[in-house]
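Pasting the structures in now, so scroll down.
In what comes next, subunit A is part of two complexes: it sits with subunit B in the first one and with subunit C in the second one.
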Partner chain A sequence: MSMPAPSRLLFHAVVAAAFALMLAPVVMVMVISVFRQEIVSFPPPGLTLDWYVNAWDRQEFARGFVSSLQVALMATLIGVPTGTAAAYAIARGWLPGKGAVNTLLLSPLAVPGVVAGTALYMFYLRAEFWIDADITATLHGLVAAHVLLTIPWTVRLVSASLAQLDRSAEEAAANLGARPFTVFRRVTLPMMRPGIVAACLFSFIQSFENLELSLLLVGPGRTTLPVAMLSYLEFRIDPTLAAVATVQILLVGGLMLLTDRFVKLSRVV
Partner chain B sequence: MGNLVLEALCKRYGSSTAVERVDLEVKQGEMVALLGPSGCGKTTTLRMVAGFIPPSEGRILIGGQDVTRRPAHARDTGMVFQSYALFPHMTVGQNVAFGLEMRKVGRAERDGRVMEALRLVRLDHLADRLPRQLSGGQQQRVALARALVVNPAVFLLDEPLSNLDAKLRGEVRMEIRALQQRLGLTTLIVTHDQEEALTMADRLVVMERGRVRQVGTAEELYENPTDPFVAGFVGRCNLIEGRLEAPGGFRAASGALLHCDVEAAEARPDAALLALRPERIGLQPDAEGGGRVAAVTYLGAQTEYLVEQDGTSLLIIRPTPTLADPLRRLAVGDAVTLSWEAAAARLLPAAT
Partner chain C sequence: MAALVLPAGLLVLLLLVAPMLLLARISLNQFSPTEMMVEATTAANYLRAIQDPYYQQVMATTLGVALGCTLLTLALGFPAAYWLARMQSRWKSLATILVLFPLLVGNVVRAAGWMALLGNEGAINAALKGLGLITTSLPLLYNTGSVVTGIVAVVLPYMILTLASVIESIPRQAEEAASNLGAKPFTVFRRVVLPLALPGVAAGSVLVFILCMNTYASAVLLGGPQFKMMAPAVYDQFVRGNNWPFGAALAFILLGVTLLLTVVGSTLLGRKYKTA
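Let's turn to the complex of A and B:
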């Protein structure tokens, strides 16, 4: 694409401004996390790593981190295979009413998290009464809720990769003597891999940093990291949160870089 | 190895018919081309042979065995796809080995046969590459090797050259034909490119709207088309509507009287079309002549003339005349006389 010099300059300026707008908050959080003063002010009176120490000392963050990790891993392990199977069934068409199924599977993305969380909370209370077991404030209750995040993301990403997949490669495999299941295992599944890896990554991140859906479903002693951060914020404002957020940002960023080594993210998202 | 027989093969989708009663035999070692415009049913026919589309009616026999109801993986056909359809996550060697693996060929023999097949297409030095690291022509040859390594009973080619550039197309065309002849492969190739079909195949099947219009060698189809569609599709042709009049005379709808073979006219009294190849018409500058030059197009080796005669437009193609030839100075508006051998004018029934 060639453009005359002035418009190219403008184009680059707009791109740079967009990047700055998106990255500024992230950078700000990371910068603030090393300010010495409790109330943020410019210029900072000095730099310190005390807030990281404080975050480490406070049990709720470490515990929240671990339970967020647990929830995200489990929700990903359940949601990605389920969503992948669903996307395959929808794309390959031996499913009646697949348009409706597709919409249903994507619909949790359209419902605001707080609304869905509240609805789930009420449903869980009712269900607890019926089955006489705890669901709210338990790990499995939270994981079940987060599967509502991981399935839609998986369906969306895997469907996209299936749509791009060259069906004639599958026909070629059959032509060479592969039975249908062998075709799936040896050709279709490996060709879907970029989409599945992307689905794992996005599912994990969506679950890991989810606040709204989890808000009502966590219990004492079993808080996720975002919820722990919110409760901390209710009583104190100091750069401890920025320190926690920095760790979170680095983790998510590291995951993305890692994934990018296996699948070019720009190709699947 | 064996022959391929299609018996009254049909494919219907609801009320529309994709393929209508195709009968065809491809003999052992023969290469037959299915030729026709897009949507004529040629690809559907090929895919029915491969087992990707179930026929609505009719039978498919490979080496005498009815395979109509057999799934694709049990048919023993080797297909080269238009998009090559290589497995992107496997190396060239693994791609070629796939069919042997499915046939449970042992590793030692497999490796030998893979290298042999790759040598056949001159790619044995690239066995460890991934398909995306190869050029289009190389990918095409991997696809060939992959289909050939399993010694299929029937070799199927679906527009194998359409994704190559013009220069490469000529080379690969020769290469495929040489391989096919050397290995004695029973081959069915689908193409919309008549040059491809004419140069590669032993026999051609011209299809249109799901029907076979004519089957024959390149020469038969060109010299003796029995169908107006074939006359117009294979090579260029002047098709003139009209009816027979007096022995050896064809009255064009525009009024011109054109001469044709007396015996041919007796054999086909219902003729509604006269087919005349542009290069079979002689052209002479003649002030008294009944033709008028409407256009002259210089194409290097050849020159095309459009001549109006009694309201009928005729295309004439001649080798470009030498500078000394008076024909060379022929210009738009000049009067000319046209001539052709009576036998060169083919009589055809009305188009259906």
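Let's turn to the complex of A and C:
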């Protein structure tokens, strides 16, 4: 569309406003993490990196960071293989009730984190009573909850990449005498790789930054980074917290750039 | 083949379906201050949630904020999505990553950013004071405006990515044909682009509306203690109130209202799509 000058100006102003809204808070957090004074004020009296050391010295952040890494890693390791297998079976198999299975596997995305989180909390308390072992405020309890994030994201991304696959390559391999497993290993799996890589990235990050599902499942000995940040932020925002948030921003950014080298992210989503 | 589906299927059944059924059962129980919970089959929790003026107010706030944010996100997101979808230069993949990046950074981090921008000693107040426009700080944080700003910023990437993928599939020639035949840009938008993009508008709005209805971090951190939305109210029942049956009922009311409005909204948009 070629627009007259005033409309064009308005159009670009709205686009700029949308990008500013999305990016301003992220940039702001990184900026105040290097302010020297503990009480954030503008302009800053000087700059320092001390808050990063201070953040690591605070147990709730250091432990929360390690916990979140562990949970995200384990939830990804469980969710991506099971989700990929399911997505493959749904796309290629002769499965009764395919649609229903697909809906079931994607359903965790439709149930709000708040509702699923409370339901899991009640379920864990009941299960603790039956098996006489702790589940709330433990690593495995959190990992199990976060598998609910990693499975649907994997199914969605791997299914999308399977749908784009050209089946004639598989048929050609089979016609040339390759056994079904060889076809899968040498043809299908390599073609699924972009979807699987993207599934790993999204699963890991969705788990790492999740708040709602984890809120009731953490406890004194075991918290995650977003929950630790939330309880700190209910009182104040200061450079220490900004430093923690910046570490998370850099981690996510780094993972995105790393993934982008293997699969073009702009084509996956 | 069925064996491949089994692990993921069983995990979702165990970790989502079973807990949801349990929560539904608990919502019919009776609260007792001494024993926490008494087995019962009563609708009392649901009735209390619907009749209590406090929770009516919380639900009204939640609905108002969610609807307002959805419309605002659509208005801001459509031009951005169009710009992104029609971009042809090598910057396109960078622009896409810039939309994806804030989405992946997490709600808490972005709420922290808004606190630093909007607070009494925040960047905006400091800039306005520095310019001599104001002498005392404007109360930008802890009100409806700050919550709406925070939520719109959180959900914008979802809207833009959903719309952009649909707009990309609209052939450019359709727009060119319309303008060659003398349609003004706004007419091209209203009669060609918008009708063809309606499935994206519906999908994006539904997704964004669900996210808004369930806002937690933005409501708690940018709204302050006085501002109450449904998701924090549900958690309060479990953490502070310890009234599990009532909290469970609130959770199902939130889920039910969200689903109902989602269905109504997509049906209305779907009908419009057919006639357009």
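Just a few scattered comments:
Everything that follows uses one rule, which is that the second predicted complex is superposed on the first by the 246 of 269 C-alpha atoms of A that agree within 3 Å, B and C clash if a C-alpha of one lies under 4 Å from a C-alpha of the other, contacts with A are read in each partner's own complex, and residues count from 1 in each chain.
The rule we apply is simple: a residue touches a chain if its C-beta (ideal position, glycine included) is under 8 Å from a C-beta of that chain, and two chains touch if they have at least 3 such contacts.
Source: prediction; values computed, not measured.
When both complexes are superposed on subunit A, subunit B and subunit C fit side by side without a clash.
Of the two partner chains placed around the shared chain by superposition, subunit C is the only one that A:119 touches, whereas subunit B remains out of contact. Shared-chain residue A:139: touches no atom of subunit B or subunit C. Once the two complexes are laid over each other on the shared chain, residue contacts for A:169 go to subunit B alone; subunit C is not touched.
In the superposition on chain A, contact is made by A:215 with subunit C only, not with subunit B. In the superposition on chain A, contact of A:178 is made with subunit B only, not with subunit C.
Once the two complexes are overlaid on the shared chain, A:90 sits against subunit C while remaining clear of subunit B.
Touched residues of subunit A, counted separately for subunit B and subunit C, are more numerous for C. Contact with subunit C, but none with subunit B, is seen for A:43 once the two complexes are overlaid on the shared chain. Judged by the touch definition given at the top, the superposed model places A:104 against subunit C, while subunit B stays out of reach. Closest CA pair between subunit B and subunit C after superposition: 18 Å apart. With the contact threshold set out at the top, not one residue of subunit A is in contact with subunit B in one structure and with subunit C in the other. Contacts from subunit A toward subunit B in the complex involve residues 166, 168-169, 171-180, 182, 186-187, 190-191, 193. The part of subunit C that touches subunit A in the complex is made up of residues 1-2, 4-5, 7-9, 11-13, 15-20, 22-23, 26, 75-77, 79-80, 83, 92-93, 96-102, 104-117, 119, 121-123, 126-127, 130, 149-150, 152-153, 156-157, 160-161, 175, 179, 185-186, 188-189, 193, 210, 213-214, 216-217, 220-221, 231, 234-235, 238-239, 244, 247-248, 251-252, 254-255, 258. Those residues of subunit B that touch subunit A in the shared complex are 50-52, 71-75, 77-79, 81-83, 85-89, 98-99, 102-103, 146-147, 150.
By the touch rule above, subunit A contacts subunit C in their complex via residues 1-4, 7, 11-12, 14-15, 17-19, 21-29, 31-32, 39-43, 78-79, 82-83, 85-86, 88-90, 92-96, 101, 104-105, 107-108, 110-123, 126, 144-145, 147-148, 151, 155, 202, 205, 208-209, 211-212, 215-216, 226, 229-230, 233-234, 237, 241-242, 245, 248-249, 252-253, 256, 260, 264-266, 269.
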